[in-house]
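Several structures are given next for inspection.
After this come two complexes, each holding chain A, first together with chain B and then together with chain C.
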Partner chain A sequence: MHTSFRNLTGKERAAFIGKYLFMGLCSLVALFPIVWVIMSSFKTNAEILSNGISLPSSLSPDGYIAALTISPILKYFGNSVIITVITTILNVLFLAMAAYVFARCRFRGRNLLYFILSLSLVVPTTALLQPVYSVVNTLGLYDTKMGLVLVYTAINMPMSLLILRGTFQSIPRALEEAAYLDGAGFLRTFFQIMMPCAKGGLTSAAVLTFLNSWNEFTFALMLTNGQEARTLPLSLSYFTAQFSFNYTAMFAAVTIAVIPSIIVFAIFQEQVVSSLTAGSVKG
Partner chain B sequence: MRAKKRWIVLFLLPAVILFLLIYAIPLVMVFLTSLFDYRLTGSGMTFVGLKNYVQMFHDPAFRTSLLHTIIWILIHCVLHVALGVALALVLYKKPRGWKFVRTTYMIPNIISNAAVGMIFLNIFNPQYGVVNSILRAVGLERLTHNWLNETATAFPSVTMVWLLFAGYTTTLVLAEALSIDESVLEAAKVDGATGFQMDKFVVLPLLRKIIATTMVMAATYMLQMFDLIYVTTNGGPGKATTNLPLLLYGVYKSENNYGYANTIGVVIILLGAIVMTIINKLFRVNEDDY
Partner chain C sequence: MKKRLFAFALLAAMLVGLLSGCGAKKAETPAAEDGVVVINYPTFQCGVNTAAPVVDQLISEFNETYAGKYQIVKEDVPGDANYVDKIKVQLGTGDLPPVIYGAGYNLLDLVIAKDLAVDLTPYVEADPEWKALYSDASLATNSRDGKIYASSVEGSQVGYFYNKELFAQAGIEAPATTWDELFQQCETLKAAGITPMALDTADSAWITQLWWGAMVATASEDGLAFMQTMNPRDYNTPELISTAEKIQKMLQEYTTLDAIGGKYENAANNFLSGQAAMIANGPWMIGDFSDTTKTTADFAEKVGVAIYPDGFVYDAPIQGYIVTKQDDPKLEEAAIEMVKFFTSAHAQQLGLEMQGMVPASPSVEITDYAKEQYPLLAEFLDKASEATVSTDNMQATMFSNLLDVISQELPRLYSGELDAAGFCQAMTDAAAKN
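For the complex of A and B:
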């Protein structure tokens, strides 16, 4: 692994070069689209139209100013923040409660109920677009932020349940027993003893729910109509019409939409990786 | 003890309500209403038996969408997963820069598909897009196309919007490969296995289950693919890039034919179950490794 390039035979050298070429290409393929968009957001309209792959001549923020003035992008950004934050809190709280009970309490029908709830893991929610709309509409939540919160909290349920049940199962029982002996009730034991111990799993579930909700498109399209509940990803699909030929502003708007995801990923990278791994191990 | 029972019920309640509202009730509704003539306009619901299904099998748009969905699932399960696994097999030996590659390769997977779609809408733009700009720069003007809007190029072009971004696959397979017991690899080395033989005969078989998992994920992803197509081509030109979710949405939104839309929903659910069964059988997921 640490042999230097000079000591390798011809065949090994080829393999070495091939390996790094492959790694480089993968990184390039992944980074190029983002870098191109950010770069284009600093070009003028004329520069974009004359040559799509040239570098910007200056770093002017005009595109961003235009994006903010042409469309109520800040409002959509705010909608996305509200919906995503409430969804993440509710999802993690509700599923932690359920996961704790499944991991620790004995009651009749426990395994059956867990099995039924985990069926949600294999249901393609796209097939349920019309009935979900019906349910949300019947509850009077069509075109509201709360309607999207309800749906997002639910569609992130399978992964969170899986991750959190595993987390609670791995916490030593002695901790809880000590709490009960000290006279702590069910509620206090859960919130003061168990929740802090489950911090890792809670973060993983939260990060995954956050990213999924921030990025969700299909249900946002189905369940909103006006600007009141329109989320940032959904607003992107209206940009082509709105920004008619102001390409700089459009690229700026796309940049604004992707930056939060990238920041959250950069901070919580390890949690994303561990939550994916935990979520993929079918129990 | 009774107090504890009350807490148990209370703790399960939110999750159960969410499940009922967004999974259970809609599932029952999808199957039931597929047997009804059920539209936005008109006189409510009339039971029509399997009429929606008969209509569906005679609908050329359905056959095209089903075919596209299956082709995309196959391409994704084979090429996309192979790419992700290949990169994981390179990275698990921890060559210099492996963490950087793992991180950057994930980026297209963690940003919103609406943004990815918008980016590719521009990359494929006939006027200032990257593809045509490069072709012009190297003097291949005649190869330029209106990639997403010509019938011949739309399908392969849309496929490129998701095919190469196998970050999830790489991350999952890599995590599993890194957790393989060192002693297994040492033993193989002692037996004289070279690097390539080691990957093929020792590491890959141990990754069987996780690869099957990533294939199931790839299949369900393509089964449900909607946003990237909606943003880039909206299923067009004609029906050149329409799949089942796009068709369902169109039937729901522009025809307001809810019964028929849900019939397509039933097909999506059944197709998902079939694909998952096939993958699990192929990879003998339920058998032990030793």
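For the complex of A and C:
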């Protein structure tokens, strides 16, 4: 029911204005970094370093031309999409299976195994660098997308396992029992009954895995040496060296990198948000 | 049910296909099939790095010269720190690329510590042309225990640049010849409303440590000896403490506020935008003076160059290319050929003419073309030749963990949380961890 602003009492008007001011502030905080990056991509290096929040003096595309010339950003973008999508699918698929077993099945050493798998959550990346480098090299997966996919799937394992086990535990057992009574087998119960019920947890795990893999830098640097498997975060290092820099091109590259993600999120935001909220009320 | 099973099977097949595609080994290069030795060469000299065009040109010339025998495949490792990190990980696994560029990061000692560096002495001794390019300074930089382990292409001659217009505004006629005069000039500039110096503290505080090292080297003979020591451990000496006091004064009184926590870029911008009158840096910065995305079109005309007071200039070859031990002797031979080519008189001259890089060897001629292209460089080299004291810079000789420590402690020195003695103690404590 719409109520005109004029019909509101003084207290209600204050609350109304306060609400919109707060929402405006939140929007500003969320949008400012993106607007700042896009604005900086049109400024010269001197303008960026002298006055970070000033408007660009012109809308020259030079930064974008330089970004595409200096680094193979489009190639890296394509690699990032392939690696991140496969990592996310594998991570969610396999860890959903593992999490379901941890949540429902009783077997000797279950807690110990779960504890060991979760322990890797607290191992710092730098401690993993050398062993992972050696293993990937030995497997002949150095400088391949597959090498990165495996590493990212493994790195994101503990977090996804944590989320998905909690999700499966929160689903009532009665649903499975009803499925078994109706003649469904273990696989059918898992894929057709439990997976749809765990949509919220699956989405959360997928979003986290996607973001972690999309932004990952260190392993992408260490485990690749050519252009065929390198990912987007590496391309941003092309624009600064110890004694030289091109911030205009760097911000143009950042813009090229983030705009597609923003567009994709804008298109699918309803699905993402609804699946997240659906998960939050289930169980 | 059958339909679903079929769909599931298709999905599984697609996934397997996708994964096998991702993991597929790249096709062997035709060169490798023809028995050509391929040298995979990782380098940070790519992207916006000023030496990138020179390296690309050298690779192209090498591949042409050794066509059918050797081939260099360049691997971009953008970002100096990323390169060092990657080499350190590879050092840990013993899986180093055939050629490493030591640069200013003292990678040589790390490689030698793992016994992975090839002794180049017999190869240098056998080639009079190559041997002639090694000056005493170059031998000192690239040798350990009398054995040559690396070969330099570039020299690091560093003085400071000043803004002639700002100097004139403050009534200063010429760069200072003594440290007292330099500090007097800082006072004069400050009184005229001009920030005297562009400094930094982040990323190992390159610019600030150049001023510190110059003061240490000219403070006394002990100071000079300290600067000439590789990996010094004791920073608790009278000359280091007294000069750290002067650095504290510079940070507190003679620089911009963004110097504290600021990186090289911030300091460079302060000088390039005319906000600071002096900046210590090497000739590689000369190109920036005429880059209109960084400064005004006429800025290059306003810049003068000088050596430090008391006749000091940083003058030392930059640690050069290192050949690492490989299982395949042919690859090792190819790597040695590559290093010889990359540090030849021709390569040093190419760097000079293309990017104004100072040659590592004094025997390499500074051509008229280079002088015309880089008049400020020619002026600097003339002045540098008159210097009476010279040594390498602090960053090149200090333990690598101190590069972070200096960045952490300088802001505390600025704020007064640490006094000069405390700052030097922190450096000594960090050096003791090695």
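The rule is simple: the second predicted complex is superposed on the first by the 184 of 283 C-alpha atoms of A that agree within 3 Å, B and C clash if a C-alpha of one lies under 4 Å from a C-alpha of the other, contacts with A are read in each partner's own complex, and residues count from 1 in each chain.
Assume a contact is a pair of C-beta atoms (placed from the backbone, for glycine too) under 8 Å apart; a residue touches a chain by one contact, two chains touch by 3 or more.
As the structure is a prediction and not an experimental result, all values here were calculated from the model.
A.B. asks: Touch check for A:Phe239: first (chain B), second (chain C), both, or neither?
C.D. replies: After superposition on chain A, A:Phe239 lies in contact with both partners, chain B and chain C.
A.B. asks: Once the structures are superposed on A, label A:Ser134 by its partner contacts, choosing first (chain B), second (chain C), both or neither.
C.D. replies: A:Ser134: touches chain B and chain C.
A.B. asks: Quick check for you: in the superposed arrangement, does A:Leu221 touch first (chain B), second (chain C), both or neither?
C.D. replies: A:Leu221 sits against chain B and chain C alike.
A.B. asks: After lining up the shared chain so the two structures overlap, which partner does A:Pro33 touch, if you call chain B first and chain C second: first, second, both or neither?
C.D. replies: The first partner, chain B, only.
A.B. asks: For A:Thr69, decide between first (touching chain B), second (touching chain C), both and neither.
C.D. replies: A:Thr69 contacts neither chain B nor chain C.
A.B. asks: Quick one: is A:Ser170 in contact with chain B, with chain C, with both, or with neither? Answer first, second, both or neither.
C.D. replies: neither
A.B. asks: For A:Ser57, is the partner it touches chain B (first), chain C (second), both, or none of the two (neither)?
C.D. replies: Neither partner.
A.B. asks: Once the structures are superposed on A, label A:Val122 by its partner contacts, choosing first (chain B), second (chain C), both or neither.
C.D. replies: The answer is first: A:Val122 touches chain B but not chain C.
A.B. asks: Quick one: name whichever of chain B and chain C touches more residues of chain A.
C.D. replies: Looking at chain A, the partner in contact with more of its residues is B.
A.B. asks: Just chain B (first), just chain C (second), both, or neither: which does A:Phe186 touch?
C.D. replies: In the superposition, A:Phe186 contacts chain B only.
A.B. asks: Indicate the residue numbers of chain A shared between its chain B interface and its chain C interface, in ascending order.
C.D. replies: 49, 129-130, 134, 221-222, 234, 237, 239-240, 247
A.B. asks: Give the list of chain C residues in touch with chain A in this complex.
C.D. replies: Result: residues 15, 18-19, 22-26, 40, 42, 44, 46-50, 75-80, 82, 85-86, 89-90, 92-93, 95, 104, 203, 206, 264-266, 268-269, 272-273, 275, 281-282, 284-285, 288, 291-295 of chain C touch chain A.
A.B. asks: Which of the residues in chain B come into contact with chain A in the complex?
C.D. replies: Residue positions touching the partner: 3-5, 7-8, 11-12, 14-16, 18-19, 21-23, 25-27, 29-30, 33, 86-87, 90-91, 93-95, 97-98, 100-101, 103-108, 110-123, 125, 127-130, 132-134, 137, 164-165, 167-168, 171-172, 175-176, 195, 210, 213-214, 217, 220, 223-224, 226-227, 230-231, 245, 248-249, 252, 258, 261-262, 264-266, 268-269, 272-273, 276.
A.B. asks: For a test of understanding, state which residues of chain A touch chain C in their complex under the given definition.
C.D. replies: Residues 44-46, 49-50, 62, 70-71, 82-83, 86, 89, 129-130, 133-134, 137, 140-141, 143-147, 149, 221-222, 225-226, 228, 234-235, 237-249 of chain A touch chain C in their complex.
A.B. asks: Under the stated contact criterion, what part of chain A meets chain B in this complex?
C.D. replies: Residues 1, 15, 19-20, 22-23, 26-27, 29-31, 33-34, 36-37, 40, 48-49, 51-53, 90, 94-95, 97-98, 100-101, 105, 107, 113, 116-117, 119-120, 122-132, 134-135, 139, 150-151, 153-155, 157, 161, 185-187, 190, 211, 214-215, 217-218, 221-222, 232-234, 236-237, 239-240, 247, 250-251, 254, 257-258, 261-262, 264-265, 269, 272-273, 276-277, 280, 282.
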